[in-house]
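Take a look at these structures.
In the two assemblies presented below, subunit A is common to both, partnered first by subunit B and then by subunit C.
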Partner chain A sequence: MMVSWTEFAMPEPLLASRLLEWQRIIWILLPLAVGMIALWLLLPQARPARVLISALIAGVAALIVGSLVLLRPTGPTVPWLFDALFWIFSVIAVGAATAMIVQRNPVYSTLWFALVVLSTSGLFLLQSAWFLAAATIIVYAGAIVVTFLFVIMLAQQTGLAPYDCQAREPLLACVAGFVLLAALQYALHRAGPPSAPVQSFAQPRQLPTVRQTLEEARLRVQTGESPDDVGKSLYLQPKQPESFVGNILFQLAETLPPVERKQERDLCEGANARISRARLTENREMMVEGLDQLMALSRRLELRLGGTPLSGIKQPHVASLGQSLYGDYLWAVEIAGTLLLVATVGAVIIALRRKEETA
Partner chain B sequence: MTPILHNYLVVGAVLFVLGLIGFLTRRNLIILFLCVEMMLQGVALNLVGFGAYHRNFSGQVFTILILTVAACEAALALALVLALYRRQRTLDVSVWQALKEPEVEADIEETPPEEPAPPPPEFPKLTPAGLEPKAKQVEDAVHV
Partner chain C sequence: MSLLVTFVIIVVVMTAILGINSYLILLERKTAAWIQDRVGPNRVGFDLGLPFLKRLTGGFHFWGLGQPIADGLKFLFKEQVVPAHVDKVLYFVAPCVAVITALLSFAVVPFGPTPTSANPDVFPFVIAPNIDIGIVFVFAVSSLAVYAIILGGWASNNKYSMIGALRSSAQIISYEIPLGLSILVVAMMTGSLNLEKIVARQAEDGFFGWNIWFQPLAWLIFFTAALAETNRLPFDLPECEQELVGGFHTEYSAIKFVMFFLGEYTHMITVSYLTAILFFGGWHFPFIAEGDSTYPGATAVKILVLAGKAALFIFFIMVLRWSLPRFRYDQLMRLAWIVLIPLGLLNLVFAMFVRHWELSRWWLLPISVVLFVAAGLIGTLVSTQEKRVIGHAHQA
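Now for the complex of A and B:
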């Protein structure tokens, strides 16, 4: 009797899907491995650096990454210039970072680091973090890099120091870096492509609809309909709890500046509680009262947010950042300020020349 | 327009790991601190990416706090580096292995690497121009 071969073979779809998964992982890890080999060749060691070979290998890594990017399905409506800028900035950042850690002369290292900072600022700009981009350039490139250069000039011997020309354990470090980066990439791969950005259900353009719904409900309560039936009409989309008008107003109140936010949120919560109690107890006056409060709130919100999309409340970007910084994170700002003060005092004390040293 | 979060996370991770490798391999104290700053840049990129993804300002606020910490760190570290340099006249980290506790075993490379051989001096090669002076006559003139 013939034994069927298929009994022992792995079921084909399963095998195929597993192999496909491994294929993707290998395709992700390959450029990392190649890049690390290039980095290992470039790191300062006893033998002369093989710049040409490692440049070739790094080029191979870049090609693999490029093919990964080209094969990936592209987003729907992102202008290509946006992507191009991202790639330019990130290639400069990674290239300058590599040059920084393989450079033997500390002065050149610092200058490459300045380039890393500049291209990171470019990436910040692409994420519409305008203030942060400017602050990074001013603080890093303007202050920190210059301080580093000063210290290098104060503590520099003539010519290249021997310790700058020999890395310690370059192979082990490259392997460790490869393992860490591979783990991070694998985690990102496992997490899958990110879903669409989190967007709350509430949008300021819903405000007129909300107000209309509330007015209609108020009329219907006054003409004698039961509050419970009217309460059912307070949902913009049937059978979706988050489309309850009170919820929408609450979420919109969240976008207000801190001072107004608390007040309006509390008010909205009170009105929502009143409406739900009125629905349970069939209390007509209480229902009207709650509806009136919500209506007043929606009118105020309409004046405040006036038809803008949620992310763009009508005030400049820096003002919103400042409100978040000095409103939500005031405590952290205080601690950071204290830290700066302590660090300044500490730096002065450490750098002071002591008498026994000069003697 | 929403930038793709995934890409920024990858670039941030690469910057972080490059900084880490630099920190592990280099011996110059100043470059070590530069590498730490670069790791902070990678983290900042991640934070700003997540902030843009969630459409709030928390990521940027955290990055501003990171900037503050980085500035403090640079000030303190450079003061320390200067103080150390004044004592030993070198920026090599392995010189300071003596600071570790006595019972801890020495690191793999206790001694700083030997000096690399200096390159052979190159003398300029001048191309001869004009008539070659007569050596013998000059010598005679000197003797006279």
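Now for the complex of A and C:
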């Protein structure tokens, strides 16, 4: 097939933007490539020890270039302490992950893995995902890695095995990892920086208050749209904001003295029921009515709890997480639980059969 | 500003814990002496046996109160023995992990009154205030404490240390489950995992709102499992002297040994504070320290009340150490998996019933007692049956 010259001759501005694009991509790929070489040099092989130093230098270079690329000011400015903590945790995570692969002693490898888990939990904490951080530590660092250690310590009595001292196919593994990471990075780059400022720990004030959420939903209903909140880039994004908020108010009412508690909770339940009936029957007036009731309740609760606007998500962190898990994602949780149960039963059965055979 | 305040609180709390730890060791020795009908350490005063200090103090012995200082100095200045066959890095990392995890888990434990929605102007007497995951954080950090023992045992390169470490990791992982189940009931009753809220709720309801009235069984499970987590005596298989020399710390001496010790005692303090907070109303005490008591010095009294409750539990743990014999290893595992976990699960299910149908909380008291008695009966019946089987085997 003939390729005509005109297809290559692009208009000037388009060519420039393409070049700029390529420049950016190269800047993203460069630290990855240097990191790949460093990792390849570091992997345990039958090679002289001089390689170690050059590999370490390359690794540090990769980290520096990578951080320069990532440091471009895009997101919202955050306090320096959070920034510093982010870099500390990330560098530890990347370094420990490398050390985990490179280490010849499996016990040390396991410990480096534990460090990766810990620093990742630190990153979760910075994103205000407290429960996720704690659960990761309990499940991975506290239970799974300890079990690994247990097995490795029992199995490894004398010296290192040959498969510990020499990596199998180090070059292929490094290239595969590089391609995977490069694809990920490129996809993230193509997606571009988040259009709306990311809702994060740095701007807790920017989270919509309960009343804002309700008012927005009411406005949407009155203009004939669906009450669902479609365009928000919130983590833990509630599919049905008004029922989400209703649940928050219901929980807050729990903190009141008994007499008021009963009254406010009944009101809240009534409003929630009205809203869900309105959703089913697509009755706009009934929906607005329910939202108004919730709004009145939130106003009363605000006065009762000290006058500050009730925040939609920040306040009950674990509670909202539970609501999301056992409300929005009930099926996924149930299926995961059933899978684990099946695995446990299977493990018990296998263990029992072995016992009979040996007896 | 708040950063500075937090920093000051951290320094004060950590120093206080370390100081209290050294005197807890003295208390432990005195308790042991008292139970065994001895006198215990009573000679070392603040002169520490040094001539120039002796002139200053006039040779008075201060009932042995100088003993912890002398002990500490002795451990500090002892020769740093590093056995030749150990793994050099992990051998030193292990005691550090022991101290770090023990101190870190105290970060979310309130040791005095904290601000609530009712009166938000109170100074927060806690290192990290208003942590929503509260008790889960303590859980997460203390689940890392097992690394200290495993690493110490493995790095020592000694079979006694290794056996101690293996026992310990199995024990700690097993007892984490009943511990979690018992705390879950308390969290469910309060509707929050936040330790400050758990205290506030109990203080609001007064003396008969303390969780111990509704959850004596959960308290029992919690206390037993927590004892096992701290490796204290009825559960101190990782270091039992008669079988394993010193267990996981056989090869440790001087300051490295003290760090394991500090970890254990700090853990004990945390457990005692948690018991007081979760089940015994925290800083609340009828008439003296109510939620609305505003007389001058009320805050100090509240801190002292909580510390006093914690001190009682610490003393109880020490008395237990010198009263109960050690478990056998299979008994230990059976206690966790066959007794405590089913009991904890049943208790949780009944608490769910009560919460769901909004019954009076007082239903939980008879339920707890019935569960406890039933478990005791079943346990006695099973153990007598086993004895019979063993007897038959012997006859045959």
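As a convention for this text, the second predicted complex is superposed on the first by the 188 of 359 C-alpha atoms of A that agree within 3 Å, B and C clash if a C-alpha of one lies under 4 Å from a C-alpha of the other, contacts with A are read in each partner's own complex, and residues count from 1 in each chain.
Simple rule for what comes next: a residue touches a chain if its C-beta (ideal position, glycine included) is under 8 Å from a C-beta of that chain, and two chains touch if they have at least 3 such contacts.
Every value quoted in this text rests on a predicted model; they were computed, and no experiment measured them.
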(request) Check subunit A with both subunit B and subunit C modelled on it and let me know: fit or clash. (result) fit
(message) Between subunit B and subunit C, whom does A:A114 touch in the aligned arrangement: first, second, both, or neither?
(response) second
(request) Would you check which partner chain A:S276 touches, where first means subunit B only, second means subunit C only, and both and neither mean what they say? (result) neither
(request) Using the touch definition from the top, say if A:V318 reaches subunit B (first), subunit C (second), both or neither. (result) second
(message) I'd like to know which partner A:F131 touches here: subunit B for first, subunit C for second, both or neither.
(response) both
(request) In the overlay, answer first, second, both or neither for which of subunit B and subunit C A:Y140 touches. (result) first
(request) For A:L154, select first, second, both or neither according to whether it touches subunit B, subunit C, the two together, or no partner. (result) both
(request) Please name the chain, subunit B or subunit C, that touches the greater number of residues in subunit A. (result) B
(request) Figure out whether A:L43 sits in contact with subunit B (first) or subunit C (second), or with both, or with neither. (result) first
(message) What does the superposition give for the shortest Cα distance from subunit B to subunit C, in Å?
(response) 12
(request) Using the superposition described at the top, list the residues of subunit A that contact subunit B and also contact subunit C. (result) 131, 135, 143, 147, 154
(message) Touching residues of subunit C toward subunit A in the complex: what are they?
(response) 3, 90, 117, 120, 131-133, 136-137, 139-141, 143-144, 146-147, 150-151, 154, 162, 165-166, 169-170, 173, 176, 191-193
(request) Spell out the residues on subunit A that touch subunit B in their complex, using ranges where they run on. (result) 39, 43, 46, 75, 78-79, 82, 86, 90, 93-94, 97-98, 100-101, 106, 109-110, 113, 116-117, 120, 123-124, 126-129, 131-132, 135-136, 139-140, 143-144, 147-148, 151-152, 154-155, 161-170, 172-174, 176-177, 180-181, 184-185, 188, 193-194, 196-199, 310-311, 320-321, 324-325, 328-329, 332-333, 336, 339-340, 342-344, 346-348, 350-351, 353, 357
(message) Quick check on the complex: what are the subunit B residues that touch subunit A?
(response) 1-11, 13-15, 17-22, 24-28, 30-31, 33-35, 37-38, 41, 44-45, 48-49, 51-58, 60-61, 63-65, 67-76, 78-83, 85-87, 90-92, 94, 108-109, 112-116
(request) Going by the contact rule at the top, pick out the subunit A residues touching subunit C in the complex. (result) 81, 107, 111, 114, 118, 130-131, 133-135, 137-138, 141-143, 146-147, 149-150, 153-154, 251, 254-255, 305-306, 316-319
